[in-house]
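Several structures are given next for inspection.
Each of the two complexes below includes chain A, the first together with chain B, the second together with chain C.
== the complex of A and B ==
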């Protein structure tokens, strides 16, 4: 029997140079690495193809008139101004509707609700499931709601915002809960031990500490709403809007719907316009996601 | 202005004998027949213990003996743990803190707490101190003076007076813990509970906290949980030894108070065999 003493005293019993291929460079690990690289390549290439394709097709139409002109029967005179303004209106109203409600719901679930109570467990399960419901269902829900309260013309800014709010509310609740959960319990204990109430602790310690997470989650959710067309189409979103939206009850169209409309036209010029509008949409999404990443890095957790 | 360096020299301090606890204790808190439960599980049973005014009392014992549980019961921090329940009476200035109509918020203001891991708020040093007075609605003539006074009492003022607006998270671990002590002082408590306050600190920072505790004793009553027997011997006037014992029926272990006396008596003349074994390092 070889004891530890023997091997330490004498020469090493196993040479470090085995004479075989190092294990990291044998076929199986190498194949695995190649598969990983290929997967990454497919993802990046398809995104690149998309962007290059859009830029090539829509680049010639991408210019000031696209931002300032109204839709028209001729592609040469048409622009996406009402769609851009409509998107901004709808997303803005959606943000105002969703963020306070979503954050408040998340605060209740995380900080105040008795997590063992069946009622809260049901709510929790539902929020998780709602996040996975197809967007068109939310369009139906908003449609039914508007019909119920007797709104006749359902293609209005507040109607669209309502549908999109329902869509992203679960996403914001989930993101906020994650952010709140990331605040260490030591911070809560420290505050409560000084004689602060639970409400003061939530309002003055937990929420400020979770703002970066809430902001990031909200922006990501809003950028999802920005790209949605299905629930708005269900509300009867107008595809030809030649006026600027000017209020909650104003008719509207959005960028995805405008793109959808132009793509369906026979003339080549409208297809180019659709591609140019897609550049705007992609740019906006990129901007929003960039902002989310910036906020996340800027306020990195320091505990 | 006092700083920790002015306190009694260290060589007097390490003997464990300089603290002459008064024969007659003037209790500020009395724990009577206290059981603490978490759901059906009894974590500690039948604890009887008095804490003397302006004394430092150490709670020692092996892991799971219930010393932290008792500590958290003293300012109703246990209320925040779901299913936690205290039976018996804990009196503060003669009044049962678990009595009807007692506001736990006020209990926590009067009986402050310092935690094992320094937990400064992610705010400026100044705002860390000002937070307690602000949320408790304390009438303060000058917040600046209160901040300076609290930091001075915690022997931190000289080190931070030029960077009050900077984040408290930039301080060293030892400084953060003294900041937490200053924060606890800011709401003018009578008692400060310390849950292993030096567990995450190096020996130098630990020494500074121990020096600070001696100064704080002039104005406050301190109850400290510590795993470090030498620390108890160095700082405490009285020491309570807890242990965990299997309860009848199931495999759960329940904490109980074995012996309580002056620190000198506990360390030099323990009356219980279990205390003696623990102190001498034969167990735990």
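== the complex of A and C ==
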């Protein structure tokens, strides 16, 4: 489909810049532009205020003991070691559970599914809808599922990972579909013309070409799971955990839950700890997002 | 479509892929069943009209009462405040990015919005309680408010939702054909007139979808309200009052250990079902609106 925009390619997209012609220099357009800038600046300033506030509150408690100590009843001795290890366990298991299923589902929908078949249309609609279901509902689902299969101790790593997996599955499916869609059809046609089967084409051409997109989407989805607390609250992850998690059936708590716990305590010392743990969490998330952006810019092919 | 002849193993692979895709459907069915079965148990003991219309929420008292209206009023307050913040600011940011920003500027500003979207909600909750409510409202402004308020929770939730509103409505604005803008400019309009009278109306269904998705996120957000909005379920009469939202109730009730099948346990799912029904309706509206704006050009 050729639009007017394409046919004008090469021409400047919009010849006017604000303030360059008299009609842009009247008061109303200038005030309008200031208002637009203000709305973006308020958002950025809020982000800065949040970061500065967290660093000021938690900076003094940010140190080695935070990483090595166990939670304690006195804020001076407490640390987030089990929460950090718990987060690593839960996110690791979540990644192993979700990425293969999400990629397979996306491959089915993009490369094999007959888009007009009712089954595939229902799945499409489902994926869109699931992406907007409140996270706490996934907690209710996991809680009901564990009750159904008769698990009495619901605060276990695999239970938390299950809830988070279902939560981020739609995110990974949507990101993978976009990555697969970005592979031009000439690549597929070429492979098929040489006698490859559909699956050989997918496995040897389409998937390798979409790995950067899949990686970016998966990292962003996992960073969302890392910051999520609501579904885990329902599994009782708020209990006092003073041991290192060591397996799929081990009890656990995670960083966001630990922050929630400390925020709710009356003593000021725990609030500082909550802020210090927030620094760790924000740092990890920035690292993951940075990695995702790096992969996107470094490895994404331009066809 | 005339691919090489499929090998026997590939039939198996296709089935595996289809099963993976079906997980999405199984999840939805699972959610519906997980919510409805305990909710039926709940409605056997509590008449549905007492639940939907009752104005006293005290599930754990001796004379228990299950009127959900107080929870709904708190959710309405936090959602309305969040929208008052996120809709104007999000749309302003979207117009700036799509109509004014050079590609270079857009490349710097969009990642900042992405970071804003990536901050964990529990950190936003800490910020709402410790900074907005306790430092700004109580120490600096000396407002007549307690330890919690729906205003602090709603304001911070609004900031959290700005990127959602901004990015979806920017997509809709960027999809408006350049020819419309050029036509408008040729008729003598300046950029403000073009933005407000041409781009904005043309992108309206996408903008509505962005707002609707913002509503869905605000209604379903849990950690910010659980930390900063309060924990007493009373009808909220003003922004400086505290109040427990639907999600806030589910989060706080989860802290107590309730036996599977007890009325307390079933209550969680009745509120969860109401929450799911609200967000599902809102999501369907959003999906329909997005489809409309995709078909527009």
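Brief remarks follow.
As a working rule, the second predicted complex is superposed on the first by the 279 of 303 C-alpha atoms of A that agree within 3 Å, B and C clash if a C-alpha of one lies under 4 Å from a C-alpha of the other, contacts with A are read in each partner's own complex, and residues count from 1 in each chain.
Note that in this section contacts are C-beta pairs under 8 Å (C-beta built on N, C-alpha and C of every residue); 3 or more make two chains touch, one makes a residue touch a chain.
None of these values were measured; they are calculated from a predicted model.
By the touch criterion defined above, A:192 reaches both chain B and chain C. Set against each other, chain B and chain C differ in how many residues of chain A they touch, and the higher count belongs to C. In the superposition on chain A, contact of A:267 is made with neither chain B nor chain C. Contacts of A:60 after superposition on the shared chain: neither chain B nor chain C is touched. Of the two partner chains, chain C is the only one that A:286 touches; chain B does not reach it.
Residue contacts after overlaying the shared chain place A:200 against chain B and chain C alike. When the two complexes are laid over each other on chain A, chain A has residues 192, 195-197, 200 in contact with both chain B and chain C. Within the complex formed with chain A, the chain C residues making contact are 2-7, 10, 13-14, 16-18, 20-25, 27-28, 30-31, 34-35, 37-38, 88-93, 95-97, 100, 109, 111-116, 118-127, 129-131, 159, 162-163, 166, 177-179, 181-182, 185, 188-193, 195-196, 213, 216-217, 219-223, 226-227, 247, 250-251, 254-255, 257, 260, 268-269, 272, 275-276, 279-280, 283-284, 286-287, 297. Chain A contributes residues 3-5, 8, 13-16, 18, 23-24, 26, 28-29, 32-33, 35-40, 42-44, 46-47, 49-50, 53-54, 57, 100-102, 104-105, 107-109, 112-113, 120, 122-123, 125-130, 132-141, 143-145, 147, 166, 169-170, 173, 192, 195-201, 220, 223-224, 226-230, 233-234, 236, 238, 256-257, 259-260, 263-264, 271, 274-275, 278, 281-282, 285-286, 289, 293 to its touches with chain C in the complex.
Within the complex formed with chain A, the residues of chain B that make contact are 75, 77, 80, 82, 105-106, 108-109, 112-113, 115, 117, 119-122, 131-132, 135-136, 167, 169, 180, 183-184, 186-187.
Residues 114, 116, 184, 186-187, 189-197, 200, 204-205, 209, 302-303 of chain A are the ones touching chain B in the complex.
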